[in-house]
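Here chain A shows up in two complexes: once beside chain B, once beside chain C.
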Partner chain A sequence: MLFGITWDTSNGDLAFALSILPILLRGMVVTIQATIAGFAIAMVLGLIFAVLKSVPLKIVSWPTIVITEFFRDTPLLVQLFFLYYVLADYNIILPAFATGALALGVQYSAYMAEVYRAGIEAVAKGQREAAKALDLSASRTFTHIILPQAVPRVVPALGNYLVSIMKDVPVLSVVTVLEMLGVARIIGDQTFNYLVPLSMVGGLYLIMTLVASALVRFVDAKLPKRGLPFK
Partner chain B sequence: MSEPIIKFEKVVKSYGNYRVLNDLDFEVARGEKVTIIGPSGSGKSTVLRILMTLEKINGGVVSVGNEPLWHEQGPNGLVPAREAHLRKMRKQLGMVFQQFNLFPHMTVLRNLTEAPMSVLGLSKQDARERAEELLQLVGLADQLQKFPNQLSGGQQQRVGIARALAMRPKVMLFDEPTSALDPELVGEVLNVIAKLAEEHDLTMLLVTHEMRFAREVSDRVCFFDQGNIKEQGTPDELFTNPKEERTRAFLKAVLEG
Partner chain C sequence: MPWFDYLKPLADGAWITVQLTVFSTILGALLSFIFGIGKLSDNWAIRAVSIAYIEIFRGTSLLVQLFWLYFALPIAGDAIGLDLRLPPVVAGVAALGLNIGAYGAEVVRGAIQAVTPSQYEAATALNFTRRQTLWKISLPQAIPEMMPSFGNLAVQNLKDTALASLISLGDLAFRAEQLRNYTQDSTTIYTIVLLMYFGMALVLTAMMRVLEASVGRWRGARS
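Then we have the complex of A and B:
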């Protein structure tokens, strides 16, 4: 029994599968929540890192480069343990889910910063020059001229990370987040049937990643290629 | 000639060891229409880009309206200008680019109202009225809701001119405004520039290969060669009676080409 739902182990695999499906779906909801939270954190933090990296002051850009390199080159599990156990030593106690989402967000923000940077640099040089000739401020140029043109270019690459984040969520089970794979393992441990729940997790993951990819393609198709419009 | 609005004094611009501008002395009077001609790579664009603050200088002094552009007054003389000074100075200049450089994600109207609203603080209503007037002037009053990629090259460049004018600059810089256009679209852009040239107060600096047009609209033509002015004079002097061998060779090549 898990989440108050009991399973049926005496009427064959199909009945067993049907009985644990609601339990796995509960786990799937957590997986989706963690994916969305991690992705949102990574998108915002990644953009901030991309901006800080491009600031022409070394005192700002260098620490940012070091920090993002660190995030990129250390395993997700290390960052997760760090947030979960080390911060607790300093009395910063985050709930397991928040810790997991933050670890995912931090790690992927480092990747996304690179994507943003490439997208920003790909905006034609003449756009900055025209903005300067019109005397637009640096921040206005970034928010109203550069970024709206960079966003449609980066959506496909950011979308790929959405799927990657989803596939990394099972790592969160080590800090007791009850996502889908963790749930399946508990069912296996208790019923001695791993084949059915794990196969179901595989199938559900396949459906989730297909949907996520389709969503990204949809958003990509909806965005005007010339840039986000301003009224 | 009245006092100069633009003044280059011994200006040096280099890329690495390569000197693009070589101790350039150059003045433009208030309201004067000056055309710059010369072979590719002679530094014509660089002169305009320095004025628009898109390129720094490596030596000498550039003044706009009697005030140093790339310097400001420090306690012990001139020091390199900070961004606040450059922003103030830039307001006096407008630039039209060879590749138009319109903002592709903004409508024609928004291209024209963006800077007047965010830089000059015009209300939406005032900025729109100004934009409509200017679009009327360049003959595009009915295109204000289009995006740049829905316009022909000639129309885009006319929007580019209107966009620069919306900031009410004292000096307009044109860097080969018709070089990227199909031949049949050149005329409509030149017509707009000719119309502007009738404005007494507007100072114009135009880089172009359209020699006939240069002859019609300019008060003075400067022939650039290897980062300096090789020869200058009224259009009649320069086109009918060039003194320098380099000028003659250049004109011959352009007029035959």
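Then we have the complex of A and C:
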């Protein structure tokens, strides 16, 4: 029994599969929540890193480059353990879900920073020159001229990371986040039948990634190609 | 324990991580070419198998695949009367290789399709067989284009090997967890481990650059 839902182990695999489906769907909700939380953190952190990387001061840009490279080249699992155990040693106690979302956000912020940077660099040079000619401040140029044109270009690439994050969420089960795979493992541990729950998780994952990819394509199609409308 | 006492057990783990990375990357590279070329086959059955493989392994989570091979496959084998219990190292290499191979297959397919059509027209004009076209025209031009993506995938694979620690394989991440349980010195241990992974990734990136430069010569080769 999990989440107050009992399973049926005595009437064959199909009955068992049907009885654990609602439990796995509970897990799926957590998977989706963690995906969205991780994606949101990565989007914000990634943008910050992208901006810091493009600062002309080497004392700012170089450490940022090293840090993002470090975040990108180390395993999510180890980053997650680091956050989970080390923060606790310094008396920063985060719930497991928050730690997991933070680890996902940190790892993918490094990837997203590169995507943002490419998008920012792709904005035509004339746009910056025009902003300068109009005497816009650097921050205003960035938020009102550069970003509205850079963001729509990078949406498909960012969207791919949404799907990647979703596939990395199961790692969070090691710090007791009850997402779909964690739930399936508990069911397996208690019923000694791993085949049915793990296969179902595989199938549900296929559906989730297909839906998420379709969603990303839909959002991409809706965004204006030449930039967001000016206010 | 002073921090340098951790280095010996962690280095033992890192060696397992290196071996896991090497074997699964080689397996992944083989699968990439088999299914990447298979997806472009004229034979619909080969194409269907290739697409199914790529979609299944790209569409699900690596950890799910790893657990499936390790925990679920033996039960599936039982049902059909086969002993499919895999030792952790086999399950680990298989899951990592199958996963990275699916991503690599898309790279291979993309690079072959990116070879300019006139090259294929020329091959047809010169009466090359399909096999000759693949080996002498497509691949020599496509492989250099695959290398940057393969470099990224190899680093991805190195990072993914950490997941094998969850099926009790004694790699770097596993040793870190063991040491932590024993000493409770999380900060030192995990800092060293992160730096070790970072160092291995940098070495791997450099090696892939060398490989990239050496196959880059094929690009302009006319013989």
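The criterion applied here is as follows: the second predicted complex is superposed on the first by the 231 of 231 C-alpha atoms of A that agree within 3 Å, B and C clash if a C-alpha of one lies under 4 Å from a C-alpha of the other, contacts with A are read in each partner's own complex, and residues count from 1 in each chain.
Here is the rule we go by: a contact is a pair of C-beta atoms (placed from the backbone, for glycine too) under 8 Å apart; a residue touches a chain by one contact, two chains touch by 3 or more.
In this text, all values refer to a predicted model and were calculated from it rather than measured experimentally.
Participant: Looking at the overlay, does A:74 come into contact with chain B only (first), chain C only (second), both, or neither?
Facilitator: After superposing on A, A:74 lies in contact with chain C but is clear of chain B.
Participant: Report the partner of chain A that touches more of its residues: chain B or chain C.
Facilitator: Counted on chain A, the partner with more touching residues turns out to be C.
Participant: Touch test for A:136: chain B only (first), chain C only (second), both, or neither?
Facilitator: The first partner, chain B, only.
Participant: Kindly classify A:45 by the partners it touches after superposition: chain B alone (first), chain C alone (second), both, or neither?
Facilitator: In the superposed model, A:45 contacts neither chain B nor chain C.
Participant: Quick one: is A:104 in contact with chain B, with chain C, with both, or with neither? Answer first, second, both or neither.
Facilitator: In the superposition, A:104 contacts neither chain B nor chain C.
Participant: Figure out whether A:199 sits in contact with chain B (first) or chain C (second), or with both, or with neither.
Facilitator: Only chain C; A:199 stays clear of chain B.
Participant: Report, in rising order, the residues of chain A that make contact with chain B in one complex and with chain C in the other.
Facilitator: Shared contact residues on chain A (touching chain B in one complex, chain C in the other): none at all.
Participant: Provide the residue numbers of chain A that touch chain C in the complex, in ascending order.
Facilitator: Contacts found on chain A: 69-70, 73-79, 81-82, 85-86, 88-89, 166-171, 173-174, 181, 185, 188, 193-195, 198-199, 201-202, 205-206, 209-210.
Participant: Once bound in the complex, which stretches of chain B touch chain A?
Facilitator: The contact residues of chain B facing chain A are 52-54, 83, 87, 90-91, 93-95, 97, 99, 101-107, 110, 114-115, 118-119, 147-149, 163-164, 167.
Participant: Residue numbers of chain A touching chain B in their complex, please.
Facilitator: Going through chain A, the ones touching chain B are 124, 126-127, 129-130, 132-138, 140, 144-145, 148-149, 224, 226-231.
Participant: Where on chain C is chain A touching in the complex?
Facilitator: The touching residues are 55-56, 58-65, 67-68, 71-72, 75-76, 79, 155, 159-163, 165-166, 173, 176-177, 180, 186-187, 190-191, 193-194, 197-198, 201-202, 205.
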